[in-house]
Each structure stands twice: as C-alpha cells, then as structure tokens.
Amino acid sequence: MNANELKTLLTALSAGEISVAEGLEKLRTLPFEDIGVAMIDHHRELRQGVPEVVLGESKSAGQVFSIVECMAERGRNILVTRLGADKVEPLLTRFPDGEYDPDARTFCLVQKPIEPLGAGKVLVVCAGTSDLPVAREAAVTARMLGNEVDELVDVGVAGIHRLFARADRLREATVVIVVAGMEGALPSVIGGLVSVPVIAVPTSVGYGAAFGGVAALLGMLNSCASGVTVVNIDNGFGAAFAASRINRLGGPKP
Amino acid sequence: MNANELKTLLTALSAGEISVAEGLEKLRTLPFEDIGVAMIDHHRELRQGVPEVVLGESKSAGQVFSIVECMAERGRNILVTRLGADKVEPLLTRFPDGEYDPDARTFCLVQKPIEPLGAGKVLVVCAGTSDLPVAREAAVTARMLGNEVDELVDVGVAGIHRLFARADRLREATVVIVVAGMEGALPSVIGGLVSVPVIAVPTSVGYGAAFGGVAALLGMLNSCASGVTVVNIDNGFGAAFAASRINRLGGPKP
Amino acid sequence: MNANELKTLLTALSAGEISVAEGLEKLRTLPFEDIGVAMIDHHRELRQGVPEVVLGESKSAGQVFSIVECMAERGRNILVTRLGADKVEPLLTRFPDGEYDPDARTFCLVQKPIEPLGAGKVLVVCAGTSDLPVAREAAVTARMLGNEVDELVDVGVAGIHRLFARADRLREATVVIVVAGMEGALPSVIGGLVSVPVIAVPTSVGYGAAFGGVAALLGMLNSCASGVTVVNIDNGFGAAFAASRINRLGGPKP
Amino acid sequence: MNANELKTLLTALSAGEISVAEGLEKLRTLPFEDIGVAMIDHHRELRQGVPEVVLGESKSAGQVFSIVECMAERGRNILVTRLGADKVEPLLTRFPDGEYDPDARTFCLVQKPIEPLGAGKVLVVCAGTSDLPVAREAAVTARMLGNEVDELVDVGVAGIHRLFARADRLREATVVIVVAGMEGALPSVIGGLVSVPVIAVPTSVGYGAAFGGVAALLGMLNSCASGVTVVNIDNGFGAAFAASRINRLGGPKP
Amino acid sequence: MNANELKTLLTALSAGEISVAEGLEKLRTLPFEDIGVAMIDHHRELRQGVPEVVLGESKSAGQVFSIVECMAERGRNILVTRLGADKVEPLLTRFPDGEYDPDARTFCLVQKPIEPLGAGKVLVVCAGTSDLPVAREAAVTARMLGNEVDELVDVGVAGIHRLFARADRLREATVVIVVAGMEGALPSVIGGLVSVPVIAVPTSVGYGAAFGGVAALLGMLNSCASGVTVVNIDNGFGAAFAASRINRLGGPKP
Amino acid sequence: MNANELKTLLTALSAGEISVAEGLEKLRTLPFEDIGVAMIDHHRELRQGVPEVVLGESKSAGQVFSIVECMAERGRNILVTRLGADKVEPLLTRFPDGEYDPDARTFCLVQKPIEPLGAGKVLVVCAGTSDLPVAREAAVTARMLGNEVDELVDVGVAGIHRLFARADRLREATVVIVVAGMEGALPSVIGGLVSVPVIAVPTSVGYGAAFGGVAALLGMLNSCASGVTVVNIDNGFGAAFAASRINRLGGPKP
Amino acid sequence: MNANELKTLLTALSAGEISVAEGLEKLRTLPFEDIGVAMIDHHRELRQGVPEVVLGESKSAGQVFSIVECMAERGRNILVTRLGADKVEPLLTRFPDGEYDPDARTFCLVQKPIEPLGAGKVLVVCAGTSDLPVAREAAVTARMLGNEVDELVDVGVAGIHRLFARADRLREATVVIVVAGMEGALPSVIGGLVSVPVIAVPTSVGYGAAFGGVAALLGMLNSCASGVTVVNIDNGFGAAFAASRINRLGGPKP
Amino acid sequence: MNANELKTLLTALSAGEISVAEGLEKLRTLPFEDIGVAMIDHHRELRQGVPEVVLGESKSAGQVFSIVECMAERGRNILVTRLGADKVEPLLTRFPDGEYDPDARTFCLVQKPIEPLGAGKVLVVCAGTSDLPVAREAAVTARMLGNEVDELVDVGVAGIHRLFARADRLREATVVIVVAGMEGALPSVIGGLVSVPVIAVPTSVGYGAAFGGVAALLGMLNSCASGVTVVNIDNGFGAAFAASRINRLGGPKP
C-alpha cells in the first residue's frame, strides 16, 4: 500500500537507516498518486456497492465478456453501457442473475446490495418515444449508482398539457434529467417549472437540420431557463453520473 | 398597355397591314412579360392600398428620403423597414403624417385608407422583450398589408404559465407569427396549442452558442409540432408578408 | 369526460356534498388538460376523417403492424409515413384495401370517406425527379388531410421554360408546396410568380457542398421572394400539414 | 391573491351565488397560473433575500436605472449583470450602498440580509486571468443567491502544479464551477480530482480556431471526466444559478 | 415544330380563319418555350453528336438500362456517369460497342461520330492517384462533348518538380481542369503557371479535417491565383461541361 | 535578360572560357525562373495595355498613392480595386485623368490605349441593387483587361420576367458573369438559358442565414445548371479575370 | 543519373559536339528536377534503411500485394499503413518475416537493418485505450524511420495522477507525440510539463459533439501550452514523420 | 526555497524532532509543486536570457506598462506581443532601449545578452505581404528565444518560381516556419522541398470563404506533404516557440 510505503520510508529515515539525501531523492521520484492525489479514489473505497462501469460500444462480445468476468470475480457490481443486443448472449449465459435492458442497451450485474444514496429522487423525463433509449440509459445508471429513480415518458413540448398533468411528479424530484432530441425545448419548460437542478441531455433523434443532435444541443445551451446544465449528445450515462453527485448532496451526510 | 399592344399587333396582322413573317419576328422579340407572365402583377393592380416597401438598412438617409418622396407623389402608401432612428428626421419633417416606430424601426406613410383583407386576425407572439423589435416589425408590416393584428409579448417557455393565461387570444387568431431567440422553443409549444398556421421567426437575440440566431433557427426547423414553418433570422417583414398571404385566404373572396 | 368530471365536481360543491376546501384541493391537483387546455383536441374531435399518423422510420415491421392494427379497430383513417418497402408486406396482407406508394413510402388506409376541407387546391411542385419521394410524401399527406392536390414534376430552374409552360396550374393553387434539393432556387422563382402562400421543402438530394440539404435549406431561408416559408430538410409531411392548415382557411367556414 | 380568488369563486358557488355553469365558465378562462402552476413561484415567495436579477447588457443606462429604482422600492435585493462601467454612474449616485464590480460587471444592491443557503461552499475556479470576468460574474451571483463562495484564479492546465498546490480548497467545495476559454481542458482535470458536481463554463477567450468559445465548449461537452455538466459560453450567471440550486440540496432542509 | 405552330397560328389569323380575340387567347396560353425561350435548345439541335447524359448514381441497373435503350433507339450518343460496376453488365451485353471505364465509372455509347469542337485542347490534371476517378470522369465527359483531351496524373504540390517536368503539356492546353483533394493547393500553383482558364475540382479524398472535400473546396475558392474558378466537390462532369463551353469559344466559328 | 544570361553562359562554356564543372555549378544555382518557368510572364510581356493591379483594401491612402505613383512612371495602365472613397482624393489630385467609380470602389488610370482582346462580349448580370458594387468591380476590371462589357442590373429570380425581357442581351454574350447574394439562384436560371460559360459570384449581401455569402456560395456550387463555375464571395475582380481569360479564346489568335 | 546527364550535355557543348543553340534548347526542356530541385531526394538517397511507405486504406488486398512485392524486390524496407486485417493474409504468406500489428493496422517488412537516427527518443503518449490504434501507428512509423520509441498508454487528464507517476519517462524524451480524442486536453498538460517539442494528434474517438475529432482538434489548436503543434485527425503517421524530422536534429550530424 | 523546506522537514524527522506521523501528515498536504513537479521550471532557471512574455492584446496601456516595469526590475529580458501602436508610448519613454516593431506589434526589452541556442537557423517564410505581421511576430519571438533567424517574404504558390529562386536559403534552415493565409498551400510545397521540420501558421488574411483563416488552417492540416505540423490561426508566437524547442535539439548539448 502506498501510504504504507511512505510510512516505511519515513520510519527508515527516522531510524537513521537512510540519509536525508536518500530520503529526498526517493520522495522526489515517488509516483505522485502515492502521497496525496490518492484522495481521488478515497470516497470510492469507502462507498461499497458503487459499480464498475464498462463502455460496451467499441468492444467485441468476447472483450466485454472477459472484462466483466474478471471484474465479477472481485465481487463488484457491474454496469455495461451501450451494449448491443448481439453481444449480450454470453453474459446472460454466464451470469443468469444479470439483467439486460434492450432499450437502455445496458447489462447490470448486482452481486451485493446497492447502497442507497439518501432520500432524494432522480426524475428522468423524456420528450418522445424515440428518445427513450437515452432516457433508459440514464435511469438504469442512476439506479446502479444508488439513486431512487422516477421516469416520465413522452411529454414533449408540442403536447405540453401531458407534462402539466404530471406536475406532482416534477415536484417530488431532487434533480431532473431531461432527455430530448429535435428542437430540445423541453428542458427550458421544465427548468421554469421546478426549483431543483435540471440536467439536459440532447439526443441524436431527428433528421435534416437536426444535425445528429446539434439542434437540440444548441437549444439546451441557450435555454432561457436558468439552472439548466447540459451534457454531450446521447450521454445518458454522464447525465445520471452528474445527477447522482448532485443527489448525494441531499442525502444523509457521509 | 401590353395586352393592347398585342391586340394592335394581331389586328394589324388580321387586317393584312403586316405580314406573317413580320408578326412572327415581332412576337419572338416582345418582352415576355407582355404576353403572359404579366399575371404576376395582376392582383397587385387590383388591390388598392398595398404599400410600396423600402428596405432602409443599407441606404443613406438621403437615399431613403428620395425614394420615399418619389413614391409618395404617386399617392401610394409606403412602408420603410429597418430604418435607423438617425435617418428618420428628414422623413418626419417632410411627411408630418408619417409614423416612425423606434422599436420596429419602421416608417409608415398612409396616404389612402388601407383596405382590410378580411375577418381573420394575425397574432404576433414574442418570447422575450429582446425579441420585441422583430415582433414589432412583423406587426407593423401586417397592419400595413391590411391585416387585423394582435400582439402578445414576453411569454417565453421558461414561464409557460404566462402563455396559458392568454389562451383565449391564441384561439382567436387566423394565423400566428411566433418570434423567439435563444433556443427558439416557443413555436413548438404554440404549434401544439393552436390549429391554425404558425410562422416561426428566429431572432439573433442571445450570445455564445446562440450563434446569432442559428440555435433558434435550428430549433424551429426541428419543431416537434407539425404545421410550423420558418423564415430567415430576424425576418419579421417576411413572416408578416407570408402571414398576410395566408390570412387573405380566410377573408372575403376577391 | 373531463368537462363532465369538472361539472360533477362543481355540482357536488354547489350541492354541499363537498366543502370549499375539498374543492380547492381537487382543482389544484386536477390534470391541467382537463380544465382548459383541452381545447387543443377540440377541433380534432369535431372533424371526422382526420387520419391517425404513424412515423414508420424507426419502427420495425412488427411494431408498425401492431400500431396500425390497433388504430384500425377504432375505424380511423391511417397514414404511415417513411415506411420502407420491406416493412409493408404484413400491412398489405392484413388490409387489402390499404395503398402503399413506393415513391412516397407511405401506406394509407381509408376506412371512412375523407372529408374535403373546401374549394382550395394544394399544388406540389418538384424541381427534379430525385426530389420526387419528398414531393410524393407531401402530396399523399395533403390528400389524406382532405385537400385537393395537384402535382407538377421536374420543373427545375435550369429549364425554367418548363415551369412557365404550366403557368395556368400555378394560377389555380391556393397554396404551393415547392420541393427542391441542390441549390433550392425554385421557391424563389415560384414565390415571384404567384400571390398565394408558398411552403418550401429542401431535400437532401445532391452531393459534395449540398451538405445533405443544407445548401437548399439556406437558399430557401434567404429567398429574395417574400411570402416563402420553410420546413425542415425532406419534411414533405410537415409541409403538407402546414399547407392543409392554410388551405382550410379558404374553405367553407366550420 | 390567486388562491383567494379561487376560494371566493368556490365559496360563491357553494353558497349558490353563482350557478354551476357560471363556475364552469369562469374556471375555464381563469389564468392557469392561478390554479396550479403557481407552484413555480412558491419557493421564491418563501425564501427571503433572493435577489431580483436584471440583465444590463442590451439596456441603456436610463432603462437600467428605472428598473432598479422601481425594484428597490419594493425592498428587494437586486443583482444587475453585464453592466458596462459607462452605465453605472447614475446607480451609484442614487444607491450609495450599492456595489459595482468592474471585473464581474455586476451591480449589487443588498437591502436586506442575504439568507445563507446552508453549510456547502461553491468554489469558482478560473483557468486564466482573461477568464476572470466570467468567473467573477459567477462568484458575485452565487454570493447574492446565498452561497458561501471560494475563488481560485489562474490554475490552467499548462501549469497544472499550481492547481495541485491548492488541492485542499478543491476538497472543501460542495460544487465546483470551472471557468475556462481556449481549449477548455480544466473541467476534465478537476472532474477527475473531486467527487462533487462540476459545472463547466466555456469563455469566449482566445482567437483563431477558438471560434469565440466554441473550442472550449466542445472540449467541455466531450470531457472524459464523468460528472461534468456545461452551460453556454460566458454564462457565469447561469452556472452560479445552477450551482446554487445544487448547493441548496446540501443545506438545511427547507 | 413550335415555330411552325406559331406560323400556322399567325397565318390562320392573317387569312381570317380565326379572330383577333381567338389569336390573343391562344398566344396568351401557349407554352412560353414555343415562342421565344426556344433559343435554349437552338444550338443543341444544330450540333450533331452531342450526347445524351444520364446520371447513373441513384438509379437501379434496370432503370439505367431502360433509359439508355430508349435513347439509343433515337440514334444519339449516350454518356452515363456515376455508374457502379455492378450495374453495367446488362448495358454491355445489349450494347457490345459501348465502353465502360471502371475508374471514371462512365459508360459511353457512340453511335455516330463525335463532332470535334475545334483546335483547342482540354488538359485534365490530377494531384494524386486517389483523385483519379474524378479526373477520369472529367476526361471522358470532355471527350464525349467533342474536345481533344490530355491527362496529367499524380503531380501534387508536395512533389512540385514532377509538375514542372511536364511544363510543355501545360503550355499546350486551351483550358485546364485541375482535380485535387486534401488541401486543394494544385490549382493555385497551376493558375500561376498558365495564362488560360483553370477550372478547379475539389475531391472528397482525404480524412479527418478534410471534411469530405470541404478543405479542398475552401482552398480553391481562396486561391491566390486569379483566373481560377471552382465547381462542386467531385463534380468532374460539371468541370468538363464548363471546360467544353470554354473550349468551343476557341474553335471554328459555328 | 535571363535567356541571354543563359546563352552567355553556354557560349563561354562552348568557347572554353569556363570549365564544365563551373558550368555545372552555375546552372545548379541559377534561379529556376531564368531557365524555363519564365514562360509564366511571356504573354504578359507581349500584350500591351494589360494593367497593373493594386488591391487597395488593406492599404493606407498614402501607401496606395506611393504604389500608384511609382507604377505610373513606367507608363503602365493601373487598376486599384477595393479602394474606399476616403482614400481616393490624393490620387485624383495627382492624376486628374484617373477615374474613380464609387460603386465599384475602383480607380482606373489609363495611360495608353487598352488593346481589345477580340470580338467577344462579357456580360455582367446582377441580381439586386445591393449586389451592384461587386458587379461593378467585375465590369470595370473586365474593361481594363480589354473586354467589351455589357451590364444587366436587378434581374433577380423573384421577378424572373425582367430577365426574360432582356433575352437578346444574354444571347450576345461570349461569357456571362452572374453576381448574386441571398440564395444565389440566378446563375442556375441563366446557366439554363445560355450556352456560353457562366461564372457565378456570390455576394455577402443578406442577413441571418445568409451567413455573409455562404448561402449564395453553396447555392451556386450546387447549381443544377451544368457549365456554371464559381469564385469566392464578393470576388468580382477574380470573376472578371477568369472571364477575360475565357473571352480571349474567342478573339483573334495571338 | 541526372547530374551525369547534365555533365554529359555540358561536356558535349564544351567539346563542340553540340552548338550553343542546341544546348540552350535541351536545357530549356530538361525536366527541372534533373538540374536543381533534385536536392529534394538528396538526403533520401544518402540514408539507407528509410522505408518505402504504402497507404493501404483505399487499395484492395491485391493492389497492396503487388506494390509491396514490386518494392520488396529492390531490397527496400517497407511500411504499409492503414491496412485492414482482411488484406494482410497474402502479404504474410509471401513475406513470412513481415510483421502485422493489428492495433496499428501496419505491416512492416525489414529487409536491411534500420539505421538509427541518433540518441534521442520519441515518446508516444495516449489518452485512452480507444486512442491506441492511432498511437500505435505513430509508434510503428517512428521505429521504421529509425527512432528509438517509448510508449505511455491510458494517461488521460481525468486521472492525471497516472501521468505524473510516469514523470521520469516524460523527462527522457526528445520529442513527445500526444494522441487524444474527446476533448483533446492531454497535449496542454504535457506541454506544460516538458520542455521538448510536443506534437498533438487528435483522434476521431468520441461521439455526439466530438464531431469525429473536431472537438479534440480545436482543443489542441487552442492549447494554452506554447510549443504544441498539431497534425490532422487520426494522422499518427504524419505525427511520427514530423517527430522523426525533429528527432534527427538531435542525433549525430550527417 | 521548496527543496530546502523539504530538506528541513526530512532533517527534522531524521533528528527525531518530529514524529513519523507528523512527517507523513506534512508531506501529504505540501503543495505538490514543491516536491517533484518543480522539474517544470528547471531548465528555465538554467537558461539565462530567456525572456518573460507578456500578451498585450487584452490589456490596457497602463496594465502593460505596470507588468513590464515590474519584470524589468528583476533584470529579465521582456517580450510583449500583440501590442497595438497606441499602447507603446509609455514603454518607449520609460525604456528608451526597448524596441517596438510596428509590423510584428512586438516590444522587446533586452537587458542582458540573449544566449544563442546553437548553430541551427529558423527560417520564417511568408506567402504574401498581408501575412507579414504574423511572420514578423514569429521572427521577433524566435530571435528573443535565442535563435538565428532568416526571413523570406512574398513567395506565394501562385508565383512559385520566386520560391525556387531562393532554394539555397531553404536548404540552410534547421526548421522552417511557413506563414500563409487564403488557401494556405505554401507549407505543402515547402514540405516537399525540404527535409527539416516545417511548422505551418495559417493567417486570418483573406475574405469571403477564407472564414478568418479557417480555409488556410484546413489546407495546412490536410497537407499532402508529411512532416508539416500546424498551430492556431495567426499564432506566430506559438510557431516560434515550438520552432525554438526544435532548434535547440540541434544546438550544443546543455
């Protein structure tokens, strides 16, 4: 262990086993992570149940399988994102308890209970059914990170009354993830209705001047509703990760 | 008159005053507008009160003055658009009956009554106060073209309840012009609330990733509400012109 | 029925069956659409024959089939757009009266007579044969919405005399949809020839600097002919929907 | 008061003073905000000390003065953003207690104590001195919204050791706002060092291929560090507003 | 024939067989091309040997076959461009005299001698071997249009001495077509070496920041050598067509 | 003279005055232009009357004056382009025979007769009056290069009949320069009407989605009329230079 | 040999075997590379072991095989880049000593020892595992060009401590190639840590607003660390080629 | 001094003055730069004469003056870049030995001899006179960094023989900086002529489709000549900084 190595070094110095010059030299060349930046992973080590995350997109079925198998041995919970349905067979055979969500394109393996982050609720709102895969990725991720999650589907701005009919569920959220393609207007409307943080996720849904999500992205960045922040196009995972960091603030103090 | 000239030609031919070859040659070289495409200006001649339109933007105060003076002599109504306040003085001195709207940056000179197009109403809706100049240009233009005009200001999507509070005025319109900058989401919401044509006008209001109106333009082109059509950024005049063509359809038959 | 529910509530209050406080609470939490925004679908309920619309593009043959079958049971007319030829077989087997247009990629099922909107005519003009699929989608949609439709094909600006040869058909339209790719110049020319509303549809036809329809889109947004409005690239359906809203204005009063 | 009006209406109905039909009609046309969406401003009314915000950018000195004077009479705290130094004179003369920050280009008038949101701290980090105006706008805004604020200046990634030397201050924040222009890399580095939410603000600082902040914006949207969300270019105010919504979650429950 | 029809009409009028009113009406509704714009095809009719052109790209093998067969019956020469190798089999079977160029992806059927335009020579220069397909399309097209054609391959600017070694062939051209991808610099160098018209064709060759030919296109539009004009990306056909119009000017007078 | 120097060198070698090694060395280091590439300026030296060209744009009035004065002494004809009206005074005082065109922003000093290139005529066509400066720059340049020039103003595609009325002047041109902003559609229409080369010049006229001439540029690059080539935005000079190279081909043989 | 030919020519002239005029003519038409620009390949001829390079990307397996076989006969070392695994079989069968790197997609055939350039070391640093193919292409290329190469993988800025732990390897490099996708921030951090030249290679790794490497490219061009230069997206080969030119400067003088 | 502090700490530990636990704690919280990353500035301290660099662009004359005065007191050499002529007066008055270059817009104050880096030479090549300011900034910077510098002006690719006439000076350079706007083709040509590193600097010179240097930037990134690397638009300083890092490799070993 790093902290131990450092302690050993200092003890040796204290005991006169090495000289000040030797100690100086060793410290200068020690990997920096060993003596301070280790805080980065500090919380991670404390919190049990945080999943390992594997990006399935650019990997073969075999590669994903090997990685998951290797991680599974350590008893960790595992979340595979962007995993095409054609790659999931070996995983499901090997881990019958694993769950594959074909909409979210996620594979979840829960080997020990997910520790809840606290009392807050992450609400994932979705403008149209075509935006569903990204919304589901966000929802699955948020759950795997210990959040209570609620989902609201198909409440686009062109039928705004459908959104208003669920105003109570908007009111109950600690943080809202809004997923929308095309003109990306939904976060602006919701940002004006709630007083909690709103994370907007543009999707690549649309055609022509949608430019693969750019129109929605620009719409969200220019939102007239303050309090809205934005992640990359189709980045449901990133939105959920940020939402989880936010939601944890409202939970019981660590 | 062109039709007369053509008639004269044919009569001469019929009377043997000119030969077939001569007639053929004359017809071949006659300006095309004289014998068919003249329909273009047909309606214009029939409708009294249609204003002459002058684009003030790239012209000097002197140039605008000369053009307006020349037109005024023919007794026509005149609309000058995009006229900076620094160029209007000579016009107001010369035409004390003219009206300058500093928001719309329009100068209107009404010398004969504007003939109303019919019973329909053009509603101009405006997302924010910064979008007001473009909205006002649209409103002034629509009035000069003979439309009854209603205006709704500052009903952006981030405070969507302000829009709903005026639902009755949305209901009364024959055609709605929606002016919005930033994310340009308002036309989608309104397109879902009304069943009449909606013309969306993106404005260059905003900063950063608004890209001078591009974000709003893309938002409107990708509107999830069917029935929305779009004009160029800041083109209040064009929206009103198109709205007037539409509104005329609902009026008394010509 | 919503209005009925509201009436029941008020009647109960009036009859003293519930208290003012109870009424207040119930009203506060009632879905908003039930008490006001319901106007949205008001006209829809009045007009018989308006089709249900299904976007076939991102759905499997099975999904489309299920949706259409479900809708068909309610006796509605149905329009499926962007339906690839490889998905249409099950529909045609099940609904032998349905019509599939391989150019427009539309499937239409007419179960009760389409009620005509009125006397006006929607003219769909098409610059080149490559633009035909988008033009056909517009034409089919407009007909399903109750419009009389005329079509003019292959009258691009590089052979402008072909357009002029059909000037009479331009004259007869109430609203003109102009479909063009490449430089998208046709709406400007037509906008200068007619005095009715013109809806321009850029297509993704072209290569290189056509940028998938962006060149045509920009050309149309910058049209020097006033009265032209624009929809998204390849959005024949949207153009027809807007045209239908416009055309209805000229029909018999509802 | 709206709720009162509704109560009056129901009471009258209950008392038989108006009929069910009359009640139905009145409810149908009541502004919607009065009966449900009023929750929007609910929290605002509860929280004392929340400032009124005025965007100074596109307003004249006279307009800003009038608005501020009008608001000041109601005893509210006021924050004017994007206020050029040339417009601030009248405000400072009229409100000697007001403070103008020439870097942030903000004017703050605190008429009643700003109620602290809670124990959390918003840290504003700034890559270079040129990014300072945006960072200061964020800091001033966050303070006016009741947050405790810390600031870290000139810790760009090209001299990354300067950032590490202040690791303790990173550790103390509840939410971090990272302001950076040019390549916008700082949020990625900080996102990897902390476990709290990070809000990235691209600035228009740079030249050439910086494209007015687009390079920084894209860099931030593509951050390899999860948990980073982004606001519009130069939008220090928006970042602070979102940070405040987040920070409030960690404070004492309302 | 159109001119004949017009003559017949005038003769009938002259002979009193139809009245002036009837003549007026017929003239007004005659297709415009019949009485004046017919000049468009004037030269085409005079020049024998000008090929019919078919764009093969978006057509099936069957469609191309039908079109070519239909045209071939009229005895015309035929040029099919952008014809994939998988579509050419039926054509070659049916027309054994036809020639398919797999580089240019062109099919040529010469049924009557191509009439040479004159003494000038079109030189097609090509920066790299990857640009060859576009260069070959230009060369084949120019030959089919009656031009003498010379070709210079693989003389990119990074090995500029290879170009200078063929200076004599540059000197002999009447018009030069320069085909280049990547940075598109070759037209600038050649434009500085020759004193005849230079037509630049950007190609989509390249990767990354080549953006499918946009880098080359911009390079050519910004050429520091005057006298260079540009066509669309990969538009070898268009360059040859324009070059042929130019080359004809230097030939024997028609 | 270079050729002379080379001759002298070879003669000296032939006469044994220098050794082969010396000759080899001198040849290796001779400026390359001296021994072959000199053809570049060959034609220039032969043609009298070709003007010197000075780009006035980024130069001070003093700099322009000095350059012109220096050139004038050599008796050459001089063309200054993009010369603001505020810089022309000293030139007109010093060269009273010089002509300044405030539209074209050109200054021409003709000190010896401009030798005509031949019988052909360059026609400059201009879509709108705002495009006039660029069109005039093209016309003035073409004249200074020895071309006969005709000009056609304000014949935009939205009033296409105005163009047809001047069909005869289109017929007389050897090469047509078409100048247009906004949607840039005019070259397509003209390219379909004439059979001579067409050079399209996009202008930066327009606003919003005109993007400073990009919309017009894209429109022209995607022209559906073959035979159209394009130059940079606002590059009237370049279009005229290319047109002159083309027109020379049709003139008397050099 | 060219220099020999020139010598022969001059000797013949000196000996009176050819006249001055003949010598003049021959010199004028000699390929230019023969008499001066030959310096271009001068160094190439001196350095043994420099490989021939073949771009495999747009070539068939057969084409690549033929080219390599032809080159191999001349005994040269050969580097094939961007060679898909499906094309390598014939090469490996024919040249069993050749090595194919499936990550780098390179095939190397070393037939004679690669001459080392000198003492310096090229370090290839790679932000994430997805960037590995480009990094490997750079490493393989640099080795084939005679450079000593070190590689550092997966040291992205979001886990910056991993980079610092290898500070010693950064210190040992003469030139550093930094390969990164997404936000492309790594070159800025490394540019601030080392004092040797840094060449940044953006990769097309990422999705959404990564725009195929554009975000990384812009990030690198705007690097706040001076001394960083950039090559095209995914251009590992080009980076290595430039690095080799740099590294050679530090080696033994040629 | 940091290293001293560390030594003191270790000595105290060695002497038993502090415990191992205390030593551990202090080390963990020490600023990281103090114990390892200090290598960053190591070379800087060794090399005398390296100038301090001040970016003048966004600073007032007063701010620049204060910074320079403060630095000057420490006896360092100072380079101010992007300093408008209107800000230089106070500096020249205060430091009469300072030199202002109005082309480069640089102010140099040399207070102690600039130590030459070695024998190599940096060549700055410039396509046109408009590119001169950027080229001069590069040249001045390179000289201030201790490089011998040569400059070659106005050798654009449209007059390529002017470049070849100076081939000897290309041959003498250790590294070449190529500055070009418009199409940015010059680096490709030079990259093919020399065998040393080439750094390309796009400039914002040009108009229309030059897009403020983007066309040149893309041209350079897509250079067909390997060995070319690129910096940001107008970044003469950055190019010189990188060139200096390269040139140092060829100098005497430190």
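Just so it is clear, A, B, C, D, E, F, G and H label the chains in written order, and each chain counts residues from 1 on its own.
In the analysis below, contacts are C-beta pairs under 8 Å (C-beta built on N, C-alpha and C of every residue); 3 or more make two chains touch, one makes a residue touch a chain.
Being a predicted model, the structure only gives us computed values, none of them experimental.
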{"item": "Intersection of contact partners for subunit C and subunit H", "value": "A, D, E, F"}
{"item": "Contact-richer chain pair (by C-beta pairs counted) among E-G and C-D", "value": "C-D"}
{"item": "Centroid-based (C-alpha) most distant chain relative to subunit F", "value": "A"}
{"item": "Whole-Å separation of chain centres (CA-atom averages), subunit D against subunit G", "value": "50"}
{"item": "Chain centre separation in whole Å, for subunit C relative to subunit A (CA means)", "value": "39"}
{"item": "Distance from the mean Cα position of subunit F to that of subunit D, given in whole angstrom", "value": "56"}
{"item": "In subunit B, residues with contacts to at least two other chains", "value": "29, 32, 36-37, 40, 159-160, 164, 167, 192-193, 208-210, 214, 217, 221-222, 226, 232-233"}
{"item": "Pairs of chains, among all present, that meet the touch criterion", "value": "A-B, A-C, A-D, A-G, A-H, B-C, B-D, B-E, B-F, C-D, C-E, C-F, D-G, D-H, E-F, E-G, E-H, F-G, F-H, G-H"}
{"item": "Touch list for subunit B against partner subunit E, complex", "value": "3, 6-7, 10-11, 13-14, 16, 19-20, 23-24, 27-30, 32, 35-37"}
{"item": "Residues of subunit H defined as touching subunit G within the complex", "value": "36-37, 39-40, 43-44, 120, 164, 167, 171, 174-175, 192-193, 195-199, 217, 221-222, 226-233, 237-239, 241-242, 245-247, 249-250"}
{"item": "In the complex with subunit G, residue positions of subunit A that touch it", "value": "29, 31-34, 37-38, 40, 58, 202, 204, 212-214, 217, 232-235"}
{"item": "Subunit D partner contacts - residues on subunit B that touch it in the complex", "value": "130, 159-162, 164-165, 167-168, 207-210"}
{"item": "Complex contact set, residues of subunit C against subunit F", "value": "127-128, 156-160, 182-185, 188-189, 191-193, 206, 208-211, 214-216, 218-226"}
